[in-house]
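Letters A, B, C, D, E and F mark the chains as written, and numbering starts fresh at 1 in each.
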Amino acid sequence: MPTIARPSGRALDESRPVSLEIGFARHAEGSVLIKVGGTEVLCAASVETRVPPFLRGQGQGWITAEYGMLPRATHTRGNREAAKGKQSGRTQEIQRLIGRALRACVDLKALGEMTITLDCDVLNADGGTRCAAITGAWVALAIALEKQIKAGVLKKSPLRAQVAAVSCGLTKAGAVLDLDYVEDSAAQADTNFVLTSEGGIVEIQGTAEDAPFSEEQFNELMRLAKLGTARLFEAQRLALASVA
Amino acid sequence: MPTIARPSGRALDESRPVSLEIGFARHAEGSVLIKVGGTEVLCAASVETRVPPFLRGQGQGWITAEYGMLPRATHTRGNREAAKGKQSGRTQEIQRLIGRALRACVDLKALGEMTITLDCDVLNADGGTRCAAITGAWVALAIALEKQIKAGVLKKSPLRAQVAAVSCGLTKAGAVLDLDYVEDSAAQADTNFVLTSEGGIVEIQGTAEDAPFSEEQFNELMRLAKLGTARLFEAQRLALASVA
Amino acid sequence: MPTIARPSGRALDESRPVSLEIGFARHAEGSVLIKVGGTEVLCAASVETRVPPFLRGQGQGWITAEYGMLPRATHTRGNREAAKGKQSGRTQEIQRLIGRALRACVDLKALGEMTITLDCDVLNADGGTRCAAITGAWVALAIALEKQIKAGVLKKSPLRAQVAAVSCGLTKAGAVLDLDYVEDSAAQADTNFVLTSEGGIVEIQGTAEDAPFSEEQFNELMRLAKLGTARLFEAQRLALASVA
Amino acid sequence: MPTIARPSGRALDESRPVSLEIGFARHAEGSVLIKVGGTEVLCAASVETRVPPFLRGQGQGWITAEYGMLPRATHTRGNREAAKGKQSGRTQEIQRLIGRALRACVDLKALGEMTITLDCDVLNADGGTRCAAITGAWVALAIALEKQIKAGVLKKSPLRAQVAAVSCGLTKAGAVLDLDYVEDSAAQADTNFVLTSEGGIVEIQGTAEDAPFSEEQFNELMRLAKLGTARLFEAQRLALASVA
Amino acid sequence: MPTIARPSGRALDESRPVSLEIGFARHAEGSVLIKVGGTEVLCAASVETRVPPFLRGQGQGWITAEYGMLPRATHTRGNREAAKGKQSGRTQEIQRLIGRALRACVDLKALGEMTITLDCDVLNADGGTRCAAITGAWVALAIALEKQIKAGVLKKSPLRAQVAAVSCGLTKAGAVLDLDYVEDSAAQADTNFVLTSEGGIVEIQGTAEDAPFSEEQFNELMRLAKLGTARLFEAQRLALASVA
Amino acid sequence: MPTIARPSGRALDESRPVSLEIGFARHAEGSVLIKVGGTEVLCAASVETRVPPFLRGQGQGWITAEYGMLPRATHTRGNREAAKGKQSGRTQEIQRLIGRALRACVDLKALGEMTITLDCDVLNADGGTRCAAITGAWVALAIALEKQIKAGVLKKSPLRAQVAAVSCGLTKAGAVLDLDYVEDSAAQADTNFVLTSEGGIVEIQGTAEDAPFSEEQFNELMRLAKLGTARLFEAQRLALASVA
């Protein structure tokens, strides 16, 4: 039984409060400012009636994502990627993950020849930015799709499920749900789970930072992830209901 | 006498409502989310105890700025500069302008060997983003400097004056104050004025978009700019007073 | 009354001698080597029968400019931008200015679907290179357009006016016309004026380098600019007459 | 019970033959050409007596990796990354994975101020290149460390365990071990497991390509991964024994 | 008469053993791993039914080459060009040379609208990598062309001659054939000869590293080059015969 | 006996008129505008009291070169390398050649810890730009060295010989000296010879453009090159004498 408390005082299976402010990016077809504790990510969906070259003439659509972090979203200022002239490996890894996660819940054939780009920009960072980006991007995507249905461009929604993500990890306090920055920096292992509202696994990224971990530990992390994403699915539904 | 109304219905010398939300970027030494009508720019000041190579050992500090625009801050999505691998000429021109404008109101000797970087990121764009960035960056800078004084790093403020900026232009409605995007796109001429609270001119950038303009027209634009910046100086003072 | 002389011994309203050597770039449709005191800029106009993508099918032409400085045009060698792999913010700012200045004096509809690129390369620098580039580029452009008329490609000249530029500034000697490098380095304020032969303002770029300046000072700079450009317009006309 | 055979005719839990040719890169401190079926990766370890800036003066070492693929390692020629001027997101993601995987099995304090870079270059690709790279890089690393011990630079090996990796996936034939290119292209889900010889999990990367998968399916993939890596650990030991 | 022996103990006109392992890059239309002493270069030919823009619609084909060196092909690790973001001047110079050398022995009209790219990647380097690349690339090209003939795409071979290359140089031992790395580093002059099996000169690149050399010395180097390439032509013929 | 005349009407062994205008780049330690027929290259020598990292502390100097071509130096406008963001392979090949050629005639030990950079910028191109650049750069270098001697920085000249370059080629008119652009474009073979005033060979770059050439043809090209460089050495001496 762990006797070391989490830095935030949260229970082991307690996630941070979530809020979803819809319409923050006023020009976007769908947008949300998601806040998960101190992490804030602006997610904006842009709809374009074209597809990338490798999909032309195949009668299907595409979902892609880009990720960025404002230079001063973090404790110490980071260099601006536009000024450095390239996106870091971390940035590219995250935006590829977001894109895959969202494609896994969309029927691309039903989408038709359309590309939806999800821009996820971190305004304030306190751990779990890629998970917040996925959870928020799903909402921005859902709003943009709803707009296409209302406009008669799409007959029915190509969304097959909700998608949300949460990170769980092994810390001195034990296996915990929804790591913040302080926990993340010192965790023995950190795993991001991208799950669907129907109980499916979309992506698992588990990494031992310091020492390998066991299958039992991994199973406990997955149990926590299901708890955490259930709350995120509820928050997504409430946010969408508020604008229906 | 012009009989054509401004698209927004504003009077010729009426500027848009301004709000300044202090502390938006929680990790920054000073930050503000400035809203000028539909234009929203997050300005964050980062203090570092080093100076660029060309100033080393000269006992003076430096103020610099970087500017960015989120891809979907605009009506149609723009390419992400980090993904393209370089900042556009427009971006570099704007961030050089912001840096010069703020340096002109700071005693760099009194600042000591310290660099303050102002990150100005446009979250929503509706014309006048560079002017909003300058006006907001001054507030972020003032807060960051105040924090250095409270921490005993600086003995007194190296700020010599307030700085704010506004764009004025020649439109079908006549010479107008504080152009929004619709007006800016169709203006015959557009001039950005960076002025100080003490009546000084820091920078003037006047451009004829279509046809040259006259000295009389220019003088009318400068008259409007003084009106507009007077209101911005008042808004800056009120915002700082609220956190004093 | 200023008692400090200008470093060059020139009167306050005295500009440097100007010469225009036409045809220096033998392959170009129009070219001139402009010398303004010790500043020498090779301006070459290239005509191509295509327009950039954003203008296709609109029945109008385009004027654009590129600017460069040879590494040893200056007192100490500068890095070659091609070797560094990118153009500086200063370079981009200048070439955007040259392009805008020339477009303001051309009827782009009358030009038809044609792009004219003005390459302005500084061979020797002694202050005022962007102004010399604009003044010279106008001559190169006029020659290239004349050639199109003679070849029957254009029926009449799409040129609406002459364009020239000069820098004026506030120095220890007072407000002066046509700053050279020594003056420019130490000026309190520096303003570039791009004016037309018909008295119009095309662009004003005024910058306080050290301390803000007043409206009265600005008005004196504009008075000097009109004097200076009047001499440049005369030089442009003489040069063109010599090749008519 | 699956009635669809694997394209290669292998049993569901049958991995491809593995060979490890030690010393292929003659100048490297340790090197191996690993072949896993038709996939061939040249892994070379380079030892340098310096550490990256962020570790200086901390008395610990660093392990890092770089990954590349020859343009014609694949069915159709890919563009050369050096010619394109940047590494793809995929390349960066893979080399970050290899680096993390190897660091997890090394006591960096015991390594001392030394950097070991593992270059993993794919000469022929037939699926599973990142897994082959990790498995081979561990051997190259072990040889390089052994050489440091023999030379008296290190007193004992900082290796804490063997590390190997294998991909498992869900195909029409069912859950299978060690996907080749044909299987990988059509898999419903693909998971890379990086495990240690002591039963620990170093990294899990599971991705649903088309539809989400269940926890039961995931558990079956992990069972297969343990089988597969057990064989790889044996091959690593045999290869090292041959050069001891 | 030189009394200083070559570092390798070879006679002045003795070249290193050559081997050609055909089919190393299994997916390529033609490939060979050429070994010239300790230098090993993997040469792969890729056939594509398109031509570069400047040749479109002219009914002729194109041969081009790319060159790379694995980071640890050398004594000390070199930086990866893909990571640095650009190819060095040396790399570009070499790949331009390889392309020219191969084009000189092919009837591009007879090739038809087809591009063949020769990727030459150095796996181990011990001097003379560009010469080995040319000699090996010719074999990869010949195999790829033979495959086109067998497939009925080409009626007859567009090859006009064999091409091979060797470096000769002036060392302390005198004028020598086929320099290895140790000799190359210390040579007074180094010349690469690209010759055809019919006695023609395709390319000569002679460079004095330290002091200029005489015409007599140059003639002796050319005599050695003829000897050396004669052996390479024989090796090329034997290798091709083995797969015919 | 060739009955086809050269396009320019020159005799087979007739080179173009050469002029050397010293001091064109006024800020440079040495400079010359060299004209060889219609080819004009501005060569500027910059002296800096530092050496590249690989030479530090070795008590010797360094000579290096950079090459560029103004966009409109040619018949059709070329893209500006600074705008493209990289130097072409051709540019890098040429500037490496110029650097090697000049280093071969300088005693780098006698130069001391000093770097001299030769910037060679083509203002007008009509074939043979790299040869003109070498011939002119030698003059700029000699002037810069002379200045160091006069200033007492160097005791005696580290120059060991004059260096000049000329291109010879095989054309329809036969083997000819000093190809202009029209001849160069259609030549069967083109060879650049860099020779010293003392009869030494510094560099030979011979390339068959279309069909291989014979040793006899090569020997005739070398004979012409000796004739041509003899005239260039004379021109260099006269130019230097004029400023002594």
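Convention: contacts are C-beta pairs under 8 Å (C-beta built on N, C-alpha and C of every residue); 3 or more make two chains touch, one makes a residue touch a chain.
If you want to know which protein each chain is, UniProt gives these names: A, B, C, D, E, F = Ribonuclease PH.
What you see is a predicted model, and the numbers here were worked out from it, not measured in a lab.
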{"item": "Shortest contact path, chain C (Ribonuclease PH) to chain D (Ribonuclease PH), counted in steps", "value": "3"}
{"item": "Set of chains whose contacts include both chain C (Ribonuclease PH) and chain B (Ribonuclease PH)", "value": "none"}
{"item": "Listed pair (D-E, E-F or C-F) duplicating the B-C contact set, over half by residue number", "value": "E-F"}
{"item": "Between chain B (Ribonuclease PH) and chain D (Ribonuclease PH), centroid-to-centroid distance (C-alpha), Å", "value": "51"}
{"item": "Centroid distance [mean C-alpha coordinates] between chain D (Ribonuclease PH) and chain A (Ribonuclease PH), Å", "value": "28"}
{"item": "In chain F (Ribonuclease PH), residues with contacts to at least two other chains", "value": "85-87"}
{"item": "Starting from chain A (Ribonuclease PH), with chain D (Ribonuclease PH) taken as the next chain, the full ring order", "value": "A, D, E, F, C, B"}
{"item": "In the complex, chain D (Ribonuclease PH) residues that touch chain E (Ribonuclease PH)", "value": "24-28, 31, 38, 42, 44, 46, 48, 66, 68, 70-77, 80-87, 91, 117, 119, 121, 123-125"}
{"item": "Complex contacts: residues of chain D (Ribonuclease PH) adjacent to chain A (Ribonuclease PH)", "value": "86-90, 92-93, 95-96, 100, 104-105, 161, 191, 195-196, 198-208, 210-215, 218, 222"}
